[in-house]
Amino acid sequence: MIKRYEQAEITGIWSNQNKLNLWQETELAVIQAKAILGQIEEGVFLEMSGILRGIPIDIEWWLKRDSEISHDLNAFIEERVRHLPLQLRPYFHGEEELTSYDVEEPAFSRMLKMSLGPVKENLSSLIHFLEEMARRYRYAVMMGRTHGQGAELQTFGKRCLTWHQLLEVDLTTLRMTERGLRYSKISGAIGNYGSIDPQVEKEALRILGFQPFYGATQILPRELYVPLAGALCQIVKTLDKIATDIRLGARSGQPIYQEPFGRRQKGSSRMPHKKNTISNEQMEGMARMAKGFQGMIMDNIETWEERTIEQSSVERVAWPDLFHVALHSIRIMTRVLKGLVVYPDNMLKEVIDSRGCYAAGEVKKFLAKKGVTFGLSTEEAYRITQLAAFNVFEPSPEVQQLRESPFSSLEEANEALLKFQQMPISTPIFIKDIIFKGELRISPELEAAEVDIKKWNGVLGQIFQDPANVKEFNQIFSVFYLLKHEAKLYQEILGI
Amino acid sequence: MIKRYEQAEITGIWSNQNKLNLWQETELAVIQAKAILGQIEEGVFLEMSGILRGIPIDIEWWLKRDSEISHDLNAFIEERVRHLPLQLRPYFHGEEELTSYDVEEPAFSRMLKMSLGPVKENLSSLIHFLEEMARRYRYAVMMGRTHGQGAELQTFGKRCLTWHQLLEVDLTTLRMTERGLRYSKISGAIGNYGSIDPQVEKEALRILGFQPFYGATQILPRELYVPLAGALCQIVKTLDKIATDIRLGARSGQPIYQEPFGRRQKGSSRMPHKKNTISNEQMEGMARMAKGFQGMIMDNIETWEERTIEQSSVERVAWPDLFHVALHSIRIMTRVLKGLVVYPDNMLKEVIDSRGCYAAGEVKKFLAKKGVTFGLSTEEAYRITQLAAFNVFEPSPEVQQLRESPFSSLEEANEALLKFQQMPISTPIFIKDIIFKGELRISPELEAAEVDIKKWNGVLGQIFQDPANVKEFNQIFSVFYLLKHEAKLYQEILGI
Amino acid sequence: MIKRYEQAEITGIWSNQNKLNLWQETELAVIQAKAILGQIEEGVFLEMSGILRGIPIDIEWWLKRDSEISHDLNAFIEERVRHLPLQLRPYFHGEEELTSYDVEEPAFSRMLKMSLGPVKENLSSLIHFLEEMARRYRYAVMMGRTHGQGAELQTFGKRCLTWHQLLEVDLTTLRMTERGLRYSKISGAIGNYGSIDPQVEKEALRILGFQPFYGATQILPRELYVPLAGALCQIVKTLDKIATDIRLGARSGQPIYQEPFGRRQKGSSRMPHKKNTISNEQMEGMARMAKGFQGMIMDNIETWEERTIEQSSVERVAWPDLFHVALHSIRIMTRVLKGLVVYPDNMLKEVIDSRGCYAAGEVKKFLAKKGVTFGLSTEEAYRITQLAAFNVFEPSPEVQQLRESPFSSLEEANEALLKFQQMPISTPIFIKDIIFKGELRISPELEAAEVDIKKWNGVLGQIFQDPANVKEFNQIFSVFYLLKHEAKLYQEILGI
Amino acid sequence: MIKRYEQAEITGIWSNQNKLNLWQETELAVIQAKAILGQIEEGVFLEMSGILRGIPIDIEWWLKRDSEISHDLNAFIEERVRHLPLQLRPYFHGEEELTSYDVEEPAFSRMLKMSLGPVKENLSSLIHFLEEMARRYRYAVMMGRTHGQGAELQTFGKRCLTWHQLLEVDLTTLRMTERGLRYSKISGAIGNYGSIDPQVEKEALRILGFQPFYGATQILPRELYVPLAGALCQIVKTLDKIATDIRLGARSGQPIYQEPFGRRQKGSSRMPHKKNTISNEQMEGMARMAKGFQGMIMDNIETWEERTIEQSSVERVAWPDLFHVALHSIRIMTRVLKGLVVYPDNMLKEVIDSRGCYAAGEVKKFLAKKGVTFGLSTEEAYRITQLAAFNVFEPSPEVQQLRESPFSSLEEANEALLKFQQMPISTPIFIKDIIFKGELRISPELEAAEVDIKKWNGVLGQIFQDPANVKEFNQIFSVFYLLKHEAKLYQEILGI
């Protein structure tokens, strides 16, 4: 991974230094296992581990030797054995019984495990921070949006809860995939203990923190690891979904939140006024990459017979890079959320701008219930509400005219710009009023005849003759009524 | 493809009926070629083609036979030969010289070619319609957006031109990939004319509209077709980019355009007020699918030696489905654009809402140029403009207070909602005024000291003592000045 | 999915008929839940469910209506409600409280669950059959292969065990992903129970077999389903790995097994002698498709705010198609394995053809151990064994000559073909003999000097002066010695 | 990319040093263009370019500054401007007119172009080397294989030609995609020349080697580059196809070729006899990666409105990595092919091992033609040939017995191994003899009744009473007859 997105822990874990140390640990575990099982003297293990752990592996020496013999594990053995007294040498590499992947597989699984550590930790922190946000914005009323359109009322705290739950699902998924890291193998060149003793495998793996996978070939099934790559990709995808939500809320006009912007930051070389959502946009890039890496790893299931080595190059690149991408993404999102600038005022303005449509579902339900005695069908209740919602946004005749024939010159456009700029803002109308007053009008956008509308306005008049209905109707536009059940979510998710 | 997204032409082209007809055409072309080359009598071809073209292929018979012998081409031969008099039979299937893929390859390439027809035609129409849109909205001034933020001025016509050009690139790419469809092969079981005469191949392919690909194996290299799949996927991706732009502009609040909404359409079962951008959202689903199908086809390059048959199942599914998806997407987008409801009034409102920031780049440039004599650096010109842009959006103290400590109860939220609803809208300030009047203020969001600001306000005062500067400054906010070069794009792209 | 690969159960589950029935079940569950909770009278539920379950949903009517209003769920409601007496109508669709996806989400999850049924069942059967194969071929000795090269001895039963274990991992993975299907939602348009009562959700979901997912938006997080798609893809990939192993073993020359070939089957229209591994090759096509579909589903995580509808088209296509592909693949592989023609004789011939190299690892280990007293290093033990292995395959001088300068005309080639055909087959030499007799020779392929080889031959002579060494050496080539631990695998995996 | 697969040129091209140098070249080209157009004095350009080209860009300084202001292009401007005398500073960065991507886009395209150089060069060399191989092995007769089965005769030279042609298609495709690199843009923040003069763009781009792309937004359409990623991926896929062919031919038993094996190389730490096809297997890993990177780049088409920056992170990683992978793959394959060890002797042995089936197609055709007068149908000709082909491989009764009931103990297996080892090799039979002598026999594998077989043997006897038929029949097994048309391929492809 390039410096810009590299995560220090991941770089360390996947370094040659760490890899070779882990290889050495496998080698020593095998010798220790034999000592425990009484197959060799304990002194052999103690002396050898003392010497080898005391002399750092010479990575340069190893690289040079590897380039000569084209076999990295053999080069490693040579590097190590040269530090041993002659009588100990035969014991190294399992008395010549091991195949390369007996050494490499436990090391590889441990690198995956080690890499998972910071991912889980940072993801948990992020989830925890979303909990804090949910609490902080528990009463920040806003429009929920579906299809980009204002839908019903919610709070920003509730949106944070839904983000929280996405990541909870991801964390649960990630934890399930750890199951594949329980196993390893030291079962010889084709997995049937051609020369190694199954007892030694079991004991050595126990020392290293694994159980044997019975039925390995030269390598472990890559099926064990694929779900982990899927879970990592999924996390980045979720983060990108959250990032998209932030980008959508940060659009200029009336932003409801914005990603943090440094006091010395420059948004654009050309346009000094810009506060760009670059961190959130980067998350989309990360998601594209994560998916690519996940796809590479999925392909690693395919190998020939007792193994071929296609998977090796992919694993050297795609695993660390996928971890870099995942961890970087979690950290960026944490930074974005911790610095998120939230505008509860604009959230309210969006609610107001909906002209009461935020309660349209309840209006329809109200009309269906109350209208039945006046011969109004459920379908008509729907159409009345829809018509009212269209009526409130109907343009003035000039605007309508403009929509039909747009400017035919820059002059016209310039003139309109000046005119609009000075135009007094007319008082908006709300669906509540239209319906209450029975003022439905023909809309060019909907199929509703004059005669129907007249009838509907009549029925509305009848409904609101009953003061109880008026009271009930007023209530359904209130924050208390519409958000009455959000507490349930807080209770179930956060236990508060 | 499921009915919902199926395109009639594509279904027809990839039907068994059409495929087997094309197989027959290959068979007949070989016989015709031999007749032309004098290797057999012309009467053989005439009689055989007369009979076979006269008797439709019995698909049911063929399917049944295929299920018995697990060989679709042999089953086809049997179906056909049974209609021939004994003396003609030996001539069919190239006198036993052909292998299945000698017959299938030309048919397959022709199915690709045939499928390309409606794609190119519909894509060209769509491009043409975008040209119309560019003309229609040539003067519809709007904010260009980068990073979702208002950037500089443009017209909607110009945005249409950029969409136009994306699709032009795609169409050019698509046309380049047709090169791969020029070639076919009738060169025997392993491509070295084991029994068939290269002259016969050449002549038969000529009849079918192809040149021989020298160096085929049993099959043609799939490398020939992969770019076509890439080009189709690219088209759908571009359409999805356009669809995203439409979705972004259609967000409720102040939509600048919306996808067409039927007069009898229902947006949501629960929420009657909704005008959802479902067609444009579907485009994203199409893009996800297109990419999946393209990936499947890319893998088809891999085969063993002179061929194995992995590619066959993929090609039966992924090619027609990719064509369905591409053609459906083009058609949906055409419908969306033809019915697009455009709000030039809201476009202007967005410009106004930017508080003059649409000209911030020019302001900075102006200050850099004019300020130099007053000791203002380019860097300072940048910071002055940035500060002015931040100043115009600074909240009132109450709002600032609310941002810092959001509501602590629904009551508070409800109260604020009511208050906001009744609050008189304050007259907005514009960067033009701040700069012209030298009224820069401290901003909590930017690192700029009191002393610097004071100095800057002073310099601004000095600059605007010169009436020429005032005039020049006023000009840079005008539509004419900022859009002076858009005509160049119309000229270069549309030749107008 | 096209007919050819379609699985009847999956087609049924994803049919409109089944989908709409499941929608109805959600609707009825909500009403039943209300009755249970005492919110409505039980009679309402009983009467309504009686009527609706008694009248099949008219798919044609529904399709027509959907095409008019562009809203499939509303069209469904209209189709159903028309069969109800007026007084019952208001109760349908949760008294106007539900949003489409309150109805569709439980139905969708149930379709996934239902589709999983046959997958798990058929996969379990396949795993069981592999157990039978492992037993049947427990003593069928063969070469294990790594990198396509003969490696060490194993049995075909053991290879079956490794296939068994791959699929066991897949089945375990699949089962883990079922966790995502435990949850559903009936929590309204944006998931905060705008109009629906959380108690009703809980009860209705219980009836349908789910728990509520707290923190849904309009829809459930697609994160819940992505691992399932991963697991299905993984299964097909594993099957393709097994299929590749079969293709590799079935290569003509000396096949060790072959896929079943029907007694009336035709291998090739041109080449009657062919027994092609078409079913196994098709598995590769299936894997390409499975990966494509999995990628599409992964993308479905991305959606805007409280939902946009990108995922819908993808889910209509990719989920059923992924299930078709997975189930078809499992069935094809079951058919292939049940009919697999196994050649234990050729397996043995491969062992013999390895010229004793199957024990090379043990030879090296033996030499390292025995040679130490004669000054032989571990490195030299390696090089001796390598040299012996290269010596046994050294060509005759004529062949060597041919390799250096290949034929310069077809005449030469033809002559050689005739000569080779009549050449008596020379008795092969084995590494056992070379080493035992100390007959190592210079090899052009390895860097080993005359002087070293002479020394090594001397040491070998010394080693084999000891009859105990001779006995031990002979033993390491025996089947008993090399396969001594395979029983462990049977014991651990099959418990026998 | 990790060191192991990194290509020095690509690393250099994508280094910060080179990138920033290219940015500087864009900046200078704009100034030069203005000088040429007479908009500024030539001296400005000469002095500035003299200074800046003389002072290397301080990468450390730049990185530090970027981390402060989070804007790499602005940090670059600051680094450069500090070296300029005050009076020159305003001219840099196009007198404040440019946006970052006006500078970066031409640089980016040039990096793509520069990276293409070594790819095309190395690919051309590889193609050229395949031409040499085709010449060298023009007469090396071998079995063509379809479905892994021996099919018909060809030469190894011809297989090299087919590989050659795959790469030719790839190279042609690659060249077509260069079209997208002809264009660039310097058209301002949203692509409509808000402040920059189109003439300056045109002239500056001319200096840099580009034409303007009219209709850009802030950035160029990524549609221009996607086909290039596709072409690079395609190359790696093709190389993997060739690598697979080599792996298949190198399988131990009777290898027809092997990848080069160093004289000091070690195949396996455990198994000294191994010559593993590790380079060719790595190619499969490369193909997996290439596809992943290509997918990432495909997604870059999607962006919002006049641009968002998702593509940036992907392009920093995926493009150089895709080039590394492509170039590494081409070089590895070149090394493999240049060192390929070819065994023409084993190629012939494979032909012999096919027992004459290599001519089965011609046999069938011969029988269909000759048999017609004796009442033999084409279908029967097929079945006779198929039966003969099955007859020649029928096992001895003992072997048949073994196939039906495999060993029930290791003892049995061991015994059989010893027996097989000593068994005299029986003289093989050939289909030529069976058919010539009319010795077809019942086969348990095919549905052919005794009575049919008897009839067929009779007809065969009649056919071969005619000495002309005997002569013709003999001929169809000859190398000359079967390869008579291969020369055509050499002529068309290599012009020889």
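Letters are used for the chains, namely A, B, C and D, taken in the order the chains are written, and counting of residues starts over at 1 for each.
The definition used in the following text is that a residue touches a chain if its C-beta (ideal position, glycine included) is under 8 Å from a C-beta of that chain, and two chains touch if they have at least 3 such contacts.
Just so you know, these numbers come straight off a predicted model, no measurement behind them.
C-beta contact counts were set side by side for A-C and A-D; A-C has more. In this assembly, A is the chain whose CA centroid lies farthest from the centroid of chain D. Taking the mean of the C-alpha atoms as each chain's centre, chain A and chain C sit 28 Å apart.
Chain A and chain D have Cα centroids separated by 35 Å.
Residues of chain C in contact with at least two other chains: 96-97, 99, 145-148, 151-152, 188-189, 194-195, 247-248, 264, 266-268, 270-271, 276-278, 281, 291, 295, 299, 304, 308-309, 361, 364, 483.
Only residues 81, 89-90, 95-97, 99, 144-148, 151-154, 158-159, 161-162, 164-166, 168-170, 172-173, 176, 179-180, 188-195, 197-198, 212-218, 221, 223-224, 226-227, 230-231, 233-234, 237-238, 240-241, 244-245, 248, 287, 291, 294-295, 298-299, 301-309, 361-362, 364-365, 368-369, 372, 378, 381, 482-486, 488-489, 492-493 of chain C touch chain A when the two sit together in their complex.
For chain A in complex with chain B, the residues that touch the partner chain are 136-137, 139-141, 145-152, 155-156, 247-248, 250-254, 261, 263-264, 266-268, 270-278, 281, 295, 341-345, 348-354, 357, 360-361, 364, 382-383, 385-386, 389-390, 395, 399, 402-403, 406-410, 412-414, 416-417, 420-421, 425, 431, 445-447, 478-480, 483.
Chain C contributes residues 1-2, 4-5, 68-71, 73-74, 77, 93, 96-100, 188-189, 194-195, 247, 262, 264-271, 276-278, 281-282, 284-286, 288-289, 291-293, 295-296, 299-300, 304, 308-314, 316-318, 321 to its touches with chain B in the complex.
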